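Look at the two complexes coming up: chain A is in both, with chain B in one and chain C in the other.
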Partner chain A sequence: MKGGVTQSMAWAHTWLGLVAGWMLFTVLLSGALAVAKPEIDAWTRPEQAASLAPQSVAVQRAQHYLAQEASNATWWFITPGPPGAPLTVGWAGAAGVGEASLDPATGEALAIRDSDGGEFFADLHATLHLPVWGLWLVAASGLFMLIAVVSGTVIHKRIFRDFFTFRPGASAQRAWLDGHNVAGVLALPFHLMIAYTGLVSFFWAYMPAGIEVAYGGDQVAYFQESTLRVERPEDTRPATLASLPAMARLTERSFGPEAIGLINVKNPGRADAVVTVYRATHDRVQLHGERITFDGATGRIIEPALPAGPVNVAYRTLAGLHFAQFGGGFVRSLYVALGLAGGIVVATGAVLFTIKRGDRQRPGTRAANAYQIIERLNVGMIAGPLVATGAFFWLNRLIPLETTERHHLEIQGYFLVWAGTLVHGLMRPARRGWIEQLGLLSLLSLALPLLNLATTGDWIVSYLERGDEARTAVELGFIIAGALAAGVTWRLAASTPTRPSASGRASRRGHAS
Partner chain B sequence: MVTSSHRGGAIAARLLLAILGGYVVAYAATAAFTLVLPLQRHDAVQAGAMFAFPVEVAATLWLLVDPRFTRPVIVLAALTLCCVVVILSGAR
Partner chain C sequence: MMMLGVLLTYSGAVVIGLSIRRHHQEVFGKPPARALVYMLRCAGYCLLVLGAWPFVHILGGSIGIVAWAGVNSLSAFLAVLTLTYRPWRHAPLGGRGSTRHP
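Let's look at the complex of A and B:
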């Protein structure tokens, strides 16, 4: 019976892996890139050079700018950022929504190229760049990831021995399986955590059972009650907004200096204006910091910083673990590495599926043809998004700055290149497809610092000299990605292209079939 | 078990049943759990969200791997029925 359970776990692992693997790979890759959003934002907007200014000055500049540009809006958002970061302001109202990056010292709008930057990867990660039902697909891949981790662990009775076993020189299947197991076991707790916390963070979209029974399905009521505690009676008479910097200074007593994460203002020009100041979350795991709420017209505190209840703390801690806003660059780099380890587990798993099962089919049969198509789709679904990511960064430097709707072109370029890799992958024998696409990825990545030097006059060396950690980290990422892709390409090209013989196949038995 | 047979139809049917069944079980269990928790309703909703996904993983995996398919179907259907009774009787 025990062997039976292992076998059926292996069955579930294999087939759910096939169903979800390709989608999961893109979710993991874009998630790893989304974690590096601050760094990618800085690289994709090379003009962004913010000067140092204390947050109270930044808030004053923001209020001045918004009062001129968006006095009729119903919402203002101000993100002062830590010293040295740009000041971002946004607004929403009947006339539409808008956003601007300002120099915190002068309040002037920074002339920044129109690029979605890291936000594109965050969007790809959350919804696959689809409408809101994309959340369902991503949630399904998160669920499959949890099931794959649980079933994969059951299959591995020798989990610790496997961890120390990596035989890249052994047969192709052995090397892929060892790679699958090492990356899977190494990052196992992280993968359980990241899939679970991701599912919990957006539960209202695809698991609204609680909202259905407790709120009669009224999502807005749930969000109001769980986030916006302060509700004021409507008063549409015009009123001047009190000084935001003065309110910001009042929050320092609870939050400490330079610790504002976000300020939002509801109905800025009206007598019922409400200003909410949120504490920054860079030094704590919980997402959404404590907040202090002010009467916007008088500048008096309506509600001080209240301690959250234990359930809400637990919930926000899970969300915070997923969004990784704490711990700075060190924690973010760990998240990127462990997320990419997840990508490696999925990619090696997809290759293993075709090596182990495809080779068992007699050539010419319908099953053999199906496995050949899967084998070739693997190329475009795994190397494809990697090549497209490289192309996205190239387009960021190549599309002329004055182009209208420039950020759309970057994104369209990403999907066009991905579509191209799918077509190319289907037309070439799988091994040639891998070699050509990974080779292209390596060229694209390694040349990115040079392209940057040619187009902006800056590259990793000048960033290093200036102590620009964020942009140095991105260029280092390009070089590492390019070197790894070159290494795999070279190994694939050097290995013998022949299929394993029938006798060799019989003597090999993996345990993850 | 389907391990030795490679019939695509059987594999797809079992996967589909497990995925849909796991979702239904988790949905009903979460709704019932949210109702019986002695908390303010927004806290109960968030606690329910944390509870939902381990249930969904367990139910889906059981439906996938049990050699006797009827066993998880009967147990989980009974469990879902209990949850529905709780939901229908427990107006908050």
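Let's look at the complex of A and C:
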């Protein structure tokens, strides 16, 4: 029976891999970029120059700003951020919603270009920038990823003997397969973890049955109860909000210094105001820190920091593993690298599919044509999102600052470029398509620091001199991506276009070493 | 300090890789004896586990373990590249080298 199991696993791996692979590539790529959101946010908003100020000062500036600009709002939020990060404040009320970035030292609003920055990639990762059913599509691709990882492990019989096997000098198919296996096997724990925790994080959307039964479908009631939100009797009399910095100082006793992640204020101008201070999560795996709740009018503690229940801790830990808010730049760079390794597994898998199967077809038959279309779609679905990402960063610097709805234009540009690469990929022979699109990608990426220098006067060298780690990391990423794309383009252009399986013999290519 | 963890896990991965017949042959010019295979594997896994210590020490238990797991994957990947492109580098005095890399 073992052969039967292996064969059905191989079938599942091949076909589910192809169907989900194209979608999965975008999900993995945008997920890796979303992890670097703090860095990408900083690069896409070059005006954002945050000065160093202790959190208590930042909170004071935020309260002053919100009291002037949004005194009638029913809800405020303040994210003081770690030292060196900008201070973000937001509000919502009858007059609408708003958000502003402030200099934490002076409290002045910073004029920052209208860009979604890293948030766009987070959105692309979670929903493919689609309405709610995008969440379901991503869930399906996450499920496919779990199946592909498990079935891939089963069909790879000699997993440990081949653990370290990479033969770039062997036949093209062998080299692609080795690359696929090496990247897949070595990052296997990460791939299992990220697919599983990604699904678990959004269980309320994918598996709502429990909430349906226990809460009659009232998800808000479920979240209120599971997070034990403090409810107070309504009291609409006007009242002045007590000092937020004083409350921030009180939280330091439980959280430690400079450890505020978020401050929420409900009904800031009323007698029933509630202030909730959340602990930052950068030093622990769990998502969502503990919180302390204050009576907004008096500044007294209503509820101290309570330990969370075991189920809550399990959920927060799994979600925290996925969202990677802990461990700073070091852990985030690991996540980016391993996420991109996942992208490599998918990309090499999609290429293998056409190499292995497409070449078996006799030319001119309907099957051969179908495989040719798949082969060309591979270009637009794998090189395409990469080129579009490069274009997104270009547009961030090129679209005039005063344009209305500017951030929409950046996103539309992303999808237009992607659509363009799909059309281009279908029109060109697959090899040419890969060479042209990856060549374009390397040009776009390598020129980004220069474009930055031309438009803002800053680039990797000035960032390095200033010790601006976040923006240096982004530009380093551009250069690495551009160099890798150039390397692959060069190899593709240098290698002979004949396929080894066509001649039935491995064609040996020169070593890169 | 974190570099120490990276170096430990990377050495562990290379040593485990050298317990594999093909790579051993490439570097040392002869297949490994049975006892040597077990010794290399044991030493390799010990190095991998030891590599957790710097991360746990700096980042704390939970984050340290997560970071170590990620570093393990990347170190193994680096080891694959080394064993593929630079096998002789690990041999004492250059070793006898492989036929593929004169």
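The working rule: the second predicted complex is superposed on the first by the 498 of 513 C-alpha atoms of A that agree within 3 Å, B and C clash if a C-alpha of one lies under 4 Å from a C-alpha of the other, contacts with A are read in each partner's own complex, and residues count from 1 in each chain.
The working rule: a contact is a pair of C-beta atoms (placed from the backbone, for glycine too) under 8 Å apart; a residue touches a chain by one contact, two chains touch by 3 or more.
This one's a predicted model, so the numbers in the text were calculated from it and none came from an experiment.
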Clash-or-fit label for the pair chain B, chain C on chain A: fit
Which of chain B and chain C A:Gly210 touches, first, second, both or neither: first
A:Ser226 touches, of chain B and chain C: first, second, both or neither? first
Which superposed partner A:Arg284 touches (first chain B, second chain C, both, neither): second
Partner chain in contact with A:Ser151 - chain B first, chain C second, else both or neither: first
Which partner, chain B or chain C, touches more chain A residues: B
Contacts of A:Ile480 with chain B and chain C, given as first, second, both or neither: neither
Touching partner for A:Phe330 - first (chain B), second (chain C), both, neither: second
First (chain B), second (chain C), both or neither touched by A:Leu52: neither
Where the C-alpha centre of chain A sits as vertex, the angle toward chain B and chain C in the overlay (nearest 10 degrees): 90
First, second, both or neither for A:Ser8, with chain B first and chain C second: first
Shortest CA-CA distance in Å separating chain B from chain C in the superposed model: 19
Residues on chain B engaged by chain A in the complex (per definition of touch): 1-3, 6, 11, 15, 19, 26-28, 30-31, 33-35, 39-50, 52-54, 56-57, 60-61, 64-67, 87, 92
Complex interface listing, chain C residues touching chain A: 2, 13, 16-17, 20, 22-23, 59-60, 62-63, 66-67, 69-74, 76-77, 79-81, 83-86, 100-101
Residue ranges of chain A in contact with chain C within the complex: 161, 163-169, 182-183, 186-187, 189-190, 283-285, 321, 326-327, 330-331, 334-335, 337-338, 341, 511-513
Parts of chain A lying in touch with chain B, wherever the complex brings them together: 4-5, 7-12, 15-16, 19, 140, 143, 146-147, 150-151, 196, 199-200, 203-204, 207, 209-215, 222, 225-226, 309, 311-312, 314-315, 318, 367
